[in-house]
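Report on the following structure.
Residue numbering begins at 1 within each chain, and the chains themselves are lettered A, B, C, D and E in the order written.
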Amino acid sequence: MDIATIGGLVISLVLVVFGITFNADPFGFQFDKLVNFIDYPSMLITFGGAFMALFTASKSAKEFLNNLKSFKLALKTLPSNETETITTIIELSNVARKEGLLALEEAANGIEDSFLKKGILLIVDGTDPELVRSIMETELISIEGRHKKTISFWEDLATMGPAWGMIGTLIGLVNMLQQMSDPNSIGPSMAVALITTLYGSLLANWIATPIAMKLKSSNDTEIMTKEVMVEGLLSIQAGENPRVIEEKLKSFLSPAMRDDLMNVEGGELNG
Amino acid sequence: MDIATIGGLVISLVLVVFGITFNADPFGFQFDKLVNFIDYPSMLITFGGAFMALFTASKSAKEFLNNLKSFKLALKTLPSNETETITTIIELSNVARKEGLLALEEAANGIEDSFLKKGILLIVDGTDPELVRSIMETELISIEGRHKKTISFWEDLATMGPAWGMIGTLIGLVNMLQQMSDPNSIGPSMAVALITTLYGSLLANWIATPIAMKLKSSNDTEIMTKEVMVEGLLSIQAGENPRVIEEKLKSFLSPAMRDDLMNVEGGELNG
Amino acid sequence: MDIATIGGLVISLVLVVFGITFNADPFGFQFDKLVNFIDYPSMLITFGGAFMALFTASKSAKEFLNNLKSFKLALKTLPSNETETITTIIELSNVARKEGLLALEEAANGIEDSFLKKGILLIVDGTDPELVRSIMETELISIEGRHKKTISFWEDLATMGPAWGMIGTLIGLVNMLQQMSDPNSIGPSMAVALITTLYGSLLANWIATPIAMKLKSSNDTEIMTKEVMVEGLLSIQAGENPRVIEEKLKSFLSPAMRDDLMNVEGGELNG
Amino acid sequence: MDIATIGGLVISLVLVVFGITFNADPFGFQFDKLVNFIDYPSMLITFGGAFMALFTASKSAKEFLNNLKSFKLALKTLPSNETETITTIIELSNVARKEGLLALEEAANGIEDSFLKKGILLIVDGTDPELVRSIMETELISIEGRHKKTISFWEDLATMGPAWGMIGTLIGLVNMLQQMSDPNSIGPSMAVALITTLYGSLLANWIATPIAMKLKSSNDTEIMTKEVMVEGLLSIQAGENPRVIEEKLKSFLSPAMRDDLMNVEGGELNG
Amino acid sequence: MDIATIGGLVISLVLVVFGITFNADPFGFQFDKLVNFIDYPSMLITFGGAFMALFTASKSAKEFLNNLKSFKLALKTLPSNETETITTIIELSNVARKEGLLALEEAANGIEDSFLKKGILLIVDGTDPELVRSIMETELISIEGRHKKTISFWEDLATMGPAWGMIGTLIGLVNMLQQMSDPNSIGPSMAVALITTLYGSLLANWIATPIAMKLKSSNDTEIMTKEVMVEGLLSIQAGENPRVIEEKLKSFLSPAMRDDLMNVEGGELNG
């Protein structure tokens, strides 16, 4: 469970509510002001328009729904990380060195990551190293391609939100300007017209952009972890020394993560 | 027939009409307000200006019309997809293995995709593998180049729409500011001036940007499908094992698509 | 003579004049309104400022004038195209095959394109194929580099137009706000202030951006045509079969252009 | 201690305070105006919203805090630079030439840079040159990857600041427009509404963008310094002449830095 | 002395002064209006803020001053150009062919360009061709890297100018809105508030952007000239025929420059 993402979303919302209801003089909160900021027709046009623009751009309704579901993905932490992956690969290289490549088949049973598992089975099958690299890199590129489509979905939503917010505001302004007989209604009419712009900004800067940035960062970590796997598996297949493999893979890590790795090793390998 | 694209376009339009006509107090729809949003001279300057900018940028009137026609393309689903392509190629590799490369000629008759067909005929003709790859990759690059021009057309339209909308608004504002004798006319005059900005935004965010995004996504799928074809054909020509070819090509697929592939194979190949 | 570009420029202008002068009620045109949109000092600051920014950025006054002259280039259609080029190269390959590489010298006399001509003469001189490729590709890169500078000129103009339009509007607004004694003059003063913004938008979206897009599209066609030439000439020098050369070069074409090619061949070669 | 960065931040703040408080007529400073520019709820929504958007985008609370801490990094000067690095490498190459590669181990003790130290130890261990290059380049790419994430953090903050400033202004405007009964309160209400936009602009242009630019420039220097190290170490391992190594590494330097290098050498090497 | 850059800067300024002071009715110039456009506190916050943002981003005060000094560089024409360079290299190749590579040392004395001189001396020293290429290309990349930093400085200034102009305007607006007791002061107060936006626009579009574009164009020319030098020197070292070298290097030139080259050669070589 990832606290940063959910926490950030909740605190942002609290800040918006605070900004709407807080009153300095007299000091206090006026929660009835919230009513002015909830306008269902404005929601329909801003959110509806933005999502429908992306629905129009979708290959199928199913793809659109899958992209929406990636929101849940953004809330999760990744199942594996670089440090764990390196520890696993060093263990695998020790197994391979002591008991041979075929012994990796059994070791693969305990591994959850399907990419790493597939790689091990290719090695166990005696696949040509060039083909192993080619298959795993094609898969890496395909995975990144799919991630990028999902990230684009949220980035496009961050563009479409303010765009449809502005369309809503323009509709409201034209309606207001056509019926300016009552000067007292100008203020509230304009307030309602501006609400779609506010909704569009919130859709972009409260939800869509941060989710896109989160998914981008998760993708970077996942791809780097998988690159570590490819390098590690090819080194194991080439029969390289576990010590050399560790040295090679550690280059992917930051100094802090290297300290983590040594602690893990101290506990799991040497302990 | 692709429901997402047409559905998205229609629902967006319904939302705009709803936003214009809905009235909260008294609750109901005022369809006569629609009249305020239909202004033929504003349409002429916004849509006319935006399309004429792209006409100016065209190599010929024919190219401009072809780009416009790509709108229909965006509504269609692609004729082939990755999963089907892989199934076809595995079938072809089985034919080639059992009956030799020349037997592919007959198999090619049943194939609709002209790119795949051309590749098979090159193989049957005994063309050098390097030349096959070179010819097919040049064609791939040319196809993508042509697609990108069409995508640019819609992206440029999404830029030109708001730009000419603003030109219309500026013309309206200058006209209005020069004749401010009657204060009562200011509101409606400004409303009319703003309508071109609204038209420009709708052209960009209701039509042009979603169509560009859809064409981009279709291009990605088509290019990936064709890359699968090139890899598959070269593997067939090299006489690789159908099992290895399947493993190689499956790397292009997402986990969900791999399940589809297995269902298809279960039905078509092993059934 | 290219109708699209000139036609687009003229129709856009007609649309702007229509937008300024058309009156719905009473229905008709008020051509005297045009006077309000012609303001020489505003022209001087907007167009002057934008062009002077690009003059400042120029290596020399001559380079600046050459860039301006590329406007005429944008109105022209290209002298050669892919289909013609392929037909020419196939003819050349037939000549070379039947009469030897030296016979190309005579054939080169009938060719107008100086790039193709230079390539043929290099081959006739017996230049090393690697050197032919290197010389022709360096030239290709240089040509594209020069084209890109010209395209940038128009793109920069499209940025500078609105920027100097806004400078003009800010000057007008400050002047107006300092002398607000007469309320009746506010409207017309503001109208004049806005005119520079209108001029800047027109410079960008009527002229500069479409011209830049046209030049970019011409460059793409020219570079692809020249790539076809390089590939074709090297194939001729390597003594490849005219039939294989045709197959190779046709990969550059769209299906529609291939049909054109066959018609041309039917008429010119087999007729 | 880096004067430019801290100096720039302080002087910018002084300029803002000056802009707020300075009065031309009567000439003097009105520091009580500062009160109008300090609004805690506005701060909460602008700064809170912007930082929470980045918190939402973070992998973990720890990563978010680490990114914030990079602010201190931007104030520091880098521990090593190109000129010093080249001097050190020439010294090392002299040691290696006179006393052999193993003598480098002792020399490594005096070196603070952990990247250079690691490289020396790899050489002393007799690691294969290809592996040395691969390990050091992977590390270089990882370091740059981590730097780029930190730079993105500040760039994203520079986007989110104005975005949340606008959200605050929209909330303020809607609240104001709903309660326009007292015309005298419109001015101050609008002033307060605009303050969030001002805060957002300051967050972006006083802090976030300059810090991002500083970190980018530091990254460029560090990566170039490390590239000099990799080239230098591989040349030492290959047993190249110290004179040739110097010539090679000097290509990385600007003419001014080369003069510095000669002064250092004159003092340290020949003195 | 480059007329375009200085001329462009001066004429732009004249146009701005014209835009401020020209009056259509009564026809004439009102130079006293200039006073309204000179506001020292506004200058301090706009120019001060923009430059301080870049000072914050600088590695050191020295680097900041060096970047400022590049303004003078933008006014200069480049010391060498492609056509001259090619003529020089052909002369050198003739010397090398007739008198041997060692004879180039003397020829190098007459050459001002330090990059070309260094290359000649490397050849005279008998340096390995691969090392010559590596050293010269590293230097080329370093030079371009340094140029790009300077160009970025002016591009960043073009971003920071309007940004700090807007900060100034926001400060002015908040101050004005807080003290709206006297309606007559609103106009002039708003005029003063807008002046920082005008200053920011002028900093960007009169100075910073054109200077950045000029430096970019100078860099392109310098890098291409240096690429010609590298190609030429390596061809001389390889002992290629001066005629072939000329053919190779001429590919870098435009048709017009080739005509210049022939005139120069006619005068200098064959005359």
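As a working rule, contacts are C-beta pairs under 8 Å (C-beta built on N, C-alpha and C of every residue); 3 or more make two chains touch, one makes a residue touch a chain.
Just so we're clear, the structure is a prediction, and the values are computed from it rather than from any experiment.
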* Asked: If you take the chains that touch chain A and keep only those that also touch chain E, what is left?
  -> D
* Asked: Expressed in ° and rounded to a multiple of 5, what is the rotation angle of the C-alpha superposition of chain B on chain D?
  -> 145
* What is the distance, in whole Å, between the centres of chain A and chain C, each centre taken as the mean of its C-alpha atoms? -> 41
* Structure fact -> Cα centre of chain A to Cα centre of chain D, whole Å, reads 26
* To do: With chain A as the start and chain D right after it, run through the chains round the ring.
  => A, D, E, C, B
* To do: Give every residue of chain B touching chain C within the complex, in rising order.
  => 41, 44-45, 48-49, 52-61, 63-64, 114, 122, 131, 134-136, 138-139, 142, 145-146, 149, 156, 159-160, 163-164, 166-168, 170-171, 173-175, 177-180
* Asked: Once bound in the complex, which stretches of chain A touch chain D?
  -> 2-5, 7-9, 11-12, 15-16, 18-20, 22, 24, 33, 36-37, 77, 187-188, 190-191, 194-195, 197-198, 201-202, 204-206, 209-211, 213-214, 217-218, 220-221, 224, 244, 247-248, 251-255
